[in-house]
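Shared chain: chain A. Partners: chain B in the first complex, chain C in the second.
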Partner chain A sequence: MSSRSLPATRLINVGQNGVGRYVCQLARITLRFCKHQASSRGMRDFVENYLVDFARSNPNVVVYVKPHRHRGASIQADYLNGNSHKTRVSKMDMDDICKWIELARTRSGVDIVRKTKNFQTHSPSIQGVWHPFLFKDPSVNLKTFPDSEYGRFEVNEVTATERILQLAERMKQLELEKGEGKSEKDGESV
Partner chain B sequence: MNVNLWRRCETLFKHVAHCCSSISKSPDSIRSVGCGRYAFSRPPVSYSVQRYIHLQSVCQANKSQSVTDVSVSQSTDVKKSREIVEAVNTQINSEDLGRLFAVVHVAGFQRKVTVNDIIVVETSSYPSVGTRIRLEKVLLVGSKDFTLVGRPLLSRSVVNIEATVIEKTLSPMVLSFLMVRRRRVRKLRMQKTQQVVLLINSIEVNSLED
Partner chain C sequence: MAAPLLRHLSRTNVIARRTVLAFSKHNNDMQCRYLRNSKSLPPYLKEQVERRTKVGPEPKRHPSAFGCWNYDAELFAFGKRLGEDFDVDILREAFISRSYIEMEIEERKKVGVKTQIPDTSCNEELSIEGKQLIQKYLKAYLRFNFPYMFEEGICAICEYLMTTEILASVGKLIGVRDLIQSKHYPPTDEEMVDTFMAVVAAVAKSQTEERAGAFVVDFLVPRLVGKDINEMWKLDNPMGLLSAVLQSRGMASPESRLLWQTGCSSIMSLYHVGIYSDKELIGRSPGETLTIAEKQAAKEALKNLMKSDDSRPPFLSSSKVPLKSLDLEKKNPSADLLLKLYSQSDTSAQRATK
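Let's turn to the complex of A and B:
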């Protein structure tokens, strides 16, 4: 299925988070696991080793630990915007569970769906929209085209014909000078 | 057949002629490009401008007969740039600066941002949520009246852009499916990437030095 057919939302900043100070959006985390089954081994390790540290370092997050007999381990994260997300973590080891809990903590609680744009702005343009007549001389408005001035073809360098003409002029000048010199000499001699 | 060949040749000649005309544009004609009927017929490309600059530099290096002209143009350029810097500085120091925008380079991508914008950065290693960071690769800063363009970056003393990491999540599942017909080739790849959401807190510009 192509991504075009899937639903998409804009990028959302829940409650203008971070404009003043950052507020952790995770409100409550519920850890469910079995005390006996091998599939909950990783979760039991996490509860023994890291859970107290996690609760201490995140005082704004309520932590529930719920043993369920003969059920797979899962993490339920409840967010300030009312959303809750459940992750099944049975048969996972402790490191993977740490990563999933870290993801639950750092998320904002918005559903993970395709985004139309990966930026969100309320002021899309500050200098105004560019158009081809920006910073142009307004006298163009009154011109009728084709215009001799605007349609002029200019070459910045000296063209071959121009160079030949220049050379011809120089030669003429030299000849004139020579002729003058001859005449002067003739005059002297005479 | 001969007719077809002739037609092809004709089109080729036309094409060559068009290329030649586009190469030998002068700076004055570029100014007029984009107005009136000729807006789209003439590509705004100039090689002669480049060559002109090159020639100027050669003159400077060789100290040939046109050195005086170059020095004059340089002095006028310095004067002009000073005037512009002064105007920008007065604008920066005034209260009427208004909203600023900037082009920043984050994790391999360039983004245009203003204050209170949020942007998504696709990267795995980034500081944890709540940390305030400074975006140091700034390519451009603009206000309503002026734009400062870096070559390629603006210096740290000129611009200060601060942002907060507000979220670290996963992208939605991206499916890439490869199938080759009649060859029994089917490959389905499912992928989620790590995303970081940044909120731009402030964009500050300090006055320029000469």
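Let's turn to the complex of A and C:
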């Protein structure tokens, strides 16, 4: 399956949750397990040790515990948007189950799909839209074109002509210096 | 049809196949005959798919249909979810819709029970109360946030937030959907809206009105994030309003000037118009034609005057707004009134000059 055929979304915050007041999106959680089978051992441990604490610290989540005879253990998380996700947790130990339940509690409940970007902004620019006249000097409006100042061609490097002229000037200077030196020597001899 | 499949898919067989596969490379085909090349499996699956398409998708059912449902616990969790202390009886009433009462009356008639349900036990009264509360506190909050904005603009934003679409989605976010007692599931958008309003009224009745105001601000104002609040108020003649505003503030009347233009003979033409008052730029905007650009520039100037421009500070949270001491009745200046006042004075001035 290529990434084109798979569904993709941008990063979604359901209903701007948390901008005003945060609402935990997990509505109810149903724990199913067997009272006898070894595969439900971890879930039984969780129910004995942590379930009351979980329910007490999250009064906004309704917890249903449902023993099923001779079935694998599972966690069913129902979210406020109507989605429900089932995780099979048979043969898992208590710590793993704690992690799965924590995941269910902190999720928004939207389907897990590929994200095109890991960030999103609602107002891309508060400075306004770009336009071709941004940061342009208004004095251009009053000029008549072609204008010598605005039509000037600027060259950053030194051109060949300028280079030769510079060399010629330097040679002249050198010759002058030499001539001066000679005259001084002549004076000494005289 | 399923019997041979089950026999060959049984666990021992699969394990046996794996061990055989590990030792023999060439007779794969023989060992997986019933798994990969089964002649009975494709038609069986095909039949399943055909039957499913014929019947259609499963109808959505209330969570109580699946066995785990405790309405009292759900109501308690609803209150805790929102961080509010509800009076349970009022909250229970807020979730009873009109259609549920009608359904109940009909059912009782069928069975022949003579006890009657009072009509007032549904959430209609509460929702009316809630609607008034929402409008009152939302407008007060917006006026506090935008003290220079015209009353029409504030009403437009409030109207946008009071649409069925938004209120229903807010109701969904806080988990009203499963708790509504209604004839149909999922409940209609109108029922969701009524229930949300009734919940607001329930907050006010169980606690205080300010608490309900904070509730409204917390859940409705975030819906404005990423929306253009200035576009919600449809302005027909922004230039007329702008000149009236400038006149009322004692500033010179607006003068529009073309700042830039490019590509005038092409379909991508662009004009940039600025509006000046007392030789000061108060707003500017690009547009495809001169009239559009001027109109947009006038809107931009009004935005700047109302201090609702794009670079304004973000919305205040409900904890930073003194909801208790807010004057709920005080209104912002009205644009219509201003227009009437200054168009009259214009005509009288013209008469005087004549």
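Basically, the second predicted complex is superposed on the first by the 123 of 190 C-alpha atoms of A that agree within 3 Å, B and C clash if a C-alpha of one lies under 4 Å from a C-alpha of the other, contacts with A are read in each partner's own complex, and residues count from 1 in each chain.
Please note the rule applied: contacts are C-beta pairs under 8 Å (C-beta built on N, C-alpha and C of every residue); 3 or more make two chains touch, one makes a residue touch a chain.
None of these values were measured; they are calculated from a predicted model.
*Asks:* If you stack the two complexes on chain A, which partner ends up touching A:Ser39: first (chain B), second (chain C), both, or neither?
*Replies:* neither
*Asks:* I'd like to know which partner A:Val155 touches here: chain B for first, chain C for second, both or neither.
*Replies:* A:Val155 sits against chain B, while chain C stays out of touch.
*Asks:* By the touch definition at the top of the document, which applies to A:Asp78: first (chain B), second (chain C), both, or neither?
*Replies:* A:Asp78 contacts chain C only, not chain B.
*Asks:* I'd like to know which partner A:Ile126 touches here: chain B for first, chain C for second, both or neither.
*Replies:* In the superposition, A:Ile126 contacts both chain B and chain C.
*Asks:* Which holds for A:Thr30: it touches chain B only (first), chain C only (second), both, or neither?
*Replies:* Only chain C; A:Thr30 stays clear of chain B.
*Asks:* With the two structures laid over each other on chain A, which partner does A:Val19 touch: chain B (first), chain C (second), both, or neither?
*Replies:* both
*Asks:* Considering only touches as defined above, state whether A:Val61 meets chain B (first), chain C (second), both or neither.
*Replies:* Only chain C is touched by A:Val61; chain B is not.
*Asks:* Given the touch rule stated above, what does A:Thr87 touch, chain B (first), chain C (second), both, or neither?
*Replies:* After superposition on chain A, A:Thr87 lies in contact with neither partner.
*Asks:* Of the partners chain B and chain C, which touch A:Arg114 in the superposed model: first, second, both, neither?
*Replies:* A:Arg114 sits against chain B, while chain C stays out of touch.
*Asks:* Please tell me which partner, chain B or chain C, touches more residues of chain A.
*Replies:* Answer, by number of touched residues of chain A: B.
*Asks:* Taking the stated contact definition, name every residue in chain A that is touched by chain B in one complex and by chain C in the other, in rising order.
*Replies:* Common interface on chain A, chain B vs chain C: 17, 19, 24, 122-123, 126-127, 132-133, 136.
*Asks:* Tell me, which parts of chain A touch chain B in their complex?
*Replies:* Checking each residue of chain A against chain B gives 1, 3, 6, 11, 13, 17-19, 22, 24, 103, 105-108, 112-115, 118-123, 126-127, 132-133, 136, 140, 143, 145-147, 149-157.
*Asks:* Across the complex, what residues on chain A touch chain C?
*Replies:* That would be residues 14-17, 19-21, 23-24, 27-28, 30, 59-62, 64, 66, 78, 80-82, 122-123, 125-129, 131-133, 136, 138, 141 of chain A.
*Asks:* Considering the complex alone, what residue numbers of chain C touch chain A?
*Replies:* Against chain A, chain C makes touches at 60, 63, 67-68, 70, 73-74, 76-77, 80-83, 169-170, 172-175, 177-178, 186, 217-223, 225-226, 259-260, 262, 270, 272, 286, 310-311, 317-318.
*Asks:* Which bits of chain B are touching chain A when the two form their complex?
*Replies:* Within the complex, chain B contacts chain A at residues 24, 26-29, 32, 34-39, 48-49, 51-52, 98-101, 111, 113-114, 116-120, 128-130, 142-144, 147, 164, 166-172, 174-175, 197, 199, 201.
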